Amino acid sequence: MLEIRWHSRAGQGAVTGAKGLADVVANTGKFVQAFAFYGSAKRGAAMTAYNRVDDQPILNHEKFMRPDYVLVIDPGLTYTADITANEKESTKYIITTHLSKEELLNSQPKLQGKDVYVVDCMQISLDTIGRAIPNAPMLGALMKVSGMFELDYFQNAMKKVLAKFPQKIIDANMAAIERAYNEVK
Amino acid sequence: MVKKIKNLKEFSLSNDRFEGANLMCPGCSHNIIVREVLNATDDPVIVATATGCLEVCTAVYPKTSWDVSWIHIGFENAAVAAATVSAAYEVMKKKGKLPPATQKMVDEGKEPKIVAFAGDGGTYDIGFQSLSGAFERGHNFMYVCLDNEVYANTGGQRSSSTPIGASTTTSPAGSVSYGEKMMKKSMVEIMADHGAPYVAQVSPSKWKDLVKKVQKGFEVYGPVYINAQSACTTEWKHAPEDTIEVSDLGVDSCVWPLYEIINERDEHGIIYSTKLNITYRPKNKIPVEEYLAAQPRFRHLFKPENRHIIDLWQKAVDTRWEYLQRREEAGV
Amino acid sequence: MAKKYELNEVEVWDGNMAAAHALRQAQVDIVAAYPITPSTPIVQNYSKFLADGYVDGEFIMVESEHSAMSGCVAASAAGVRAATATSSQGFALMVEVLYQASGMRLPIVLAVVNRALAAPLNVNGDHSDMYLGRDAGWINLCSYNPQEAYDLTLMAFKIGEDLNVRLPVMVHQDGFICSHTAQNVRPLQDEEAAEFVGEYKPVNTMLDVANPVTHGVQTEEDWHFEHKARQHHDLMNSFDTIKKVFNEFKERTGREYDLVYTYKMDDADVAIFALGTTVESARIAADQMREKGIKAGVVSLRVLRPFPFKEVAEALSNVKAVAAMDRSAPGGTFGALFNEISAALMAHGKAPIMLNYIYGLGGRDTTINMLKEVYEDLDKCAKAGEAVVPLQQFLGLRGPKLSFY
Amino acid sequence: MAKDLKEVKSIDEIKDLGWNEIIPGASLFSFTEPVENVVEVPEEERPYAPTNSHEWQVGDWRVEKPVYNRDLCIDCQFCWVFCPDISILSRDKKMIGVIYEHCKGCGICVEVCPTNPKSLLMFPEHMDNNEALNMWPKKEEKK
């Protein structure tokens, strides 16, 4: 079973991102789960979302998770949220930041020695989508880091998930995914 | 389809859809009101009733006093019950799935009229939320409040319709109390302010006025509120045969003014005119004291120490009567 | 005519979306609803379906849950299909009308997204609302995941509307853990679902002006008892219809449902008896216990009401120790599951060691490790041949261990 | 299967029904067969179900009964419109009499009767109506 934890602020699209990923993965015949921790706090509050992916039907309903991937889509959460909670030795971190990987590790020492990737999903989403919704670029980065799907395949699959949106928005998301895919380090 | 009723003789040709051998008190106004409302139309009628005297006395298993479809759910939900029956009717009409007999009536221009009956407890108090919601949503139905100013079904407790000075079982008059302390809530205006196309106050003793208003209500599309004075022999404590006389005293003293408020709306539902019409002006406006004296629920007000409440009553009634007349003159 | 909704063979739906699609496919005539977390998305989704032309009926956004259920009662008595959804405080506000719906024998469907009851206020999942309504005379179906929330909601219409049943049906799913968790769901196509559910069969409709009917009578002591007896009789006998509908559904989809759910109970020595999503998590715990040589199994109710008294006893007939997992504050006694299971076992001459765990209140995470602890307790007791741990324990609670008896 | 209350022929039969014979939901029917437009059917022609209160009686509630004097009546229909118990039988704009099975003896009909002397008066329940008519008072002088 593959497990993913998203760190986000409410409104940044982590739940939509997690569900979009689940949609794409489900189309390959795998079993998926996408959920989130909700509190009463509104837009802007730190929150977490989760994915599970497996070849078997997913029976596990515990919220507790030892993630294979931790996706941080808001730059500030690297410093304020417990992003390393319940980590494994093999846990991979993909972190939204404008810093280089080195600068990031210096600014957040607890990430040192871990398998960390950086990508500026915030800037990418501003440039492509025009709004700070960093979920789509993070999925692009995840594809690159995990090798889960080829970029083409994933983009086509995401087009179907986004089918209800205007073409302009779909195109912007595709551009965001591609840029992050190429830029993640 | 408006039923033609020129006079009482013509009205008496009506075949009642409300039956005798129900269990209401002898001399109860509720029954008179129900008959006048149902007989005001020859179209099919469907009724929802809140818990209360009317409900517990007309549908006690295994007998029903209704020759129209009827539903009771609870104390506080007659409005939503009627409103949803109305919605269900419209859905089935749209889907073309009405029962054949009903469809036939509709084809003949006889649309079912959906009417809710509730007492003042079920209207002014516990049912107010449901009533307000149903009116705001604009369902097509008529809501008739049988206003006897007291929780009669549970043994005479005060409601927010109980007028000042009335002795009830929870606002009893005593050596240091003149009874109910609050003025009655102005339900008619409250319901008119929901934007309902038609709202009126009626008394069963003025049958023609009542029938005319009910017919007007049936003619408009949207929620209609009728506040009906319902003299209660048990809780107002007058003799059963005096029901009509006590009702007349209420109307002729202007304690129970008969009037209507019409909200005229354009095709978008925007109200462009609100008109209040007084529909009955007593030739001789009698003193409130005569109305109070006819009902032992006010007997204690005639003690010297409580006379000031009678004066207050008169002042309140005069002020309100003035207010209604000024609104009518101003056309608002 | 409503538009057909294009569905994939596999959709990724959360429990709310699954329930909303089931309501849509049943082409409910009247949905009267009031929003409350976590069931809100069901009625939001439904109103969107309506806005996009996928439903022909009417969505009435009333001013309270009390009116939501009252509206469903009136609509159902009027002779149309009615359904709604709620949770927690909204469910509590509905309770008065729940009894009226069942007493009036109206086949309303209520999607209940289980949530804790205040105070303190909490929007997360537990079974307080389910327990509050369990004696309201409704058929209660329990789902453990979004697929089942969909399946059981569709089946609820067919069960409740059966002329031998004519009772309202609740379908429970866990707040958030199911309602907001997207998983693979294999829906029926619209026409197939419509064919399965069937046209609504109005009984004594108020809209038939030629046959006036009186609904919601008063009864005195001379009749009330007979009507409640008839209602109980028909609820108890609804097992036959429930099984029939489960079978028809299996023939159509291959998905199998039974009154009681069991996992690895053939040779189990110890069993967890739970409701909701915990049932599936417990399967993982049971498998892990079996790797350690402990014969663990899982039992649950698919049908909470009517209570499958005999089948529960049968399912547990060979175990040595059972943990009844109650996800609701027990309010001064043992949990309801504990009491009901114990009664079923005793009446059938079985006496395994019975433990009661209060867990997961207000959405407290129920982990596989916690469930394994329960199995460890059960194993200890089974091996000792008597209860060597307290009979009632609070699981996953901060502070000193809380237990009774 | 529940006994269809529409098939029950008499009030006595209803009283004997067991729990297994009653209609689920305690629904009651007004008529034994469809009545297409009930307002066009006078009560004497309606197929009343035994579950319709029309078929029952409350006459024994009375202490006094209204007696009707046809000779004085002007058919104004005040008694008809204000009777709470649908107990004034009026046909073709003519007052015919009192339905004693349904009259609870409230006396409203007497109070609202405008003739002088009144065309309806209350008499003790046990008194014969002809006897009552013989005792009818004379016209009252206006004071």
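Per-chain numbering from 1; labels A, B, C and D assigned in written order.
Simple rule for what comes next: a contact is a pair of C-beta atoms (placed from the backbone, for glycine too) under 8 Å apart; a residue touches a chain by one contact, two chains touch by 3 or more.
A quick note: this is a predicted structure, and the numbers were derived from the prediction, not measured.
Touching chain A and chain D together: C.
More inter-chain C-beta contacts link the pair B-C than the other of B-C and A-C. With each centre defined as the average position of its C-alpha atoms, the distance from chain B to chain C rounds to 43 Å. One simple way to say how far apart two chains are is to compare their mean CA positions; for chain A and chain C this gives 34 Å.
Here the spacing of chain C and chain D, counted between their Cα centres, is 51 Å. Chain B and chain D have centres, each the mean of its CA atoms, that are 24 Å apart. Those residues of chain D in touch with two or more other chains are numbered 26, 28-31, 34-38. Shared interface positions of chain B, defined as residues touching 2 or more other chains, are 44, 59, 61-62, 64, 66-68, 101, 105.
Among the residues of chain C, those in touch with two or more other chains are 104, 209-215, 217, 219, 223, 227.
Interface note: chains touch in the pairs A-C, B-C, B-D, C-D.
Across the complex, chain B is touched by residues 29-30, 32, 56-58, 60-64, 66-67, 70-75, 77-80, 96-97, 100, 104, 205-220, 223, 227 of chain C. Within the complex formed with chain B, the residues of chain D that make contact are 5, 14, 26, 28-31, 34-43, 46, 51-58, 61-62, 75-78, 80-87, 90, 92-93, 99, 101-108, 110-112.
Those residues of chain B whose C-beta lies close enough to touch chain D in the complex are 8-32, 35-36, 42, 44, 58-59, 61-68, 101, 104-105, 110, 204-205, 207, 233, 239-245.
Here chain A touches chain C in the complex through residues 18-19, 22-23, 26-27, 31-36, 38, 40, 57-64, going by the rule given at the top. On the side of chain D, the complex with chain C involves touching residues 2, 17-20, 22-31, 34-38.
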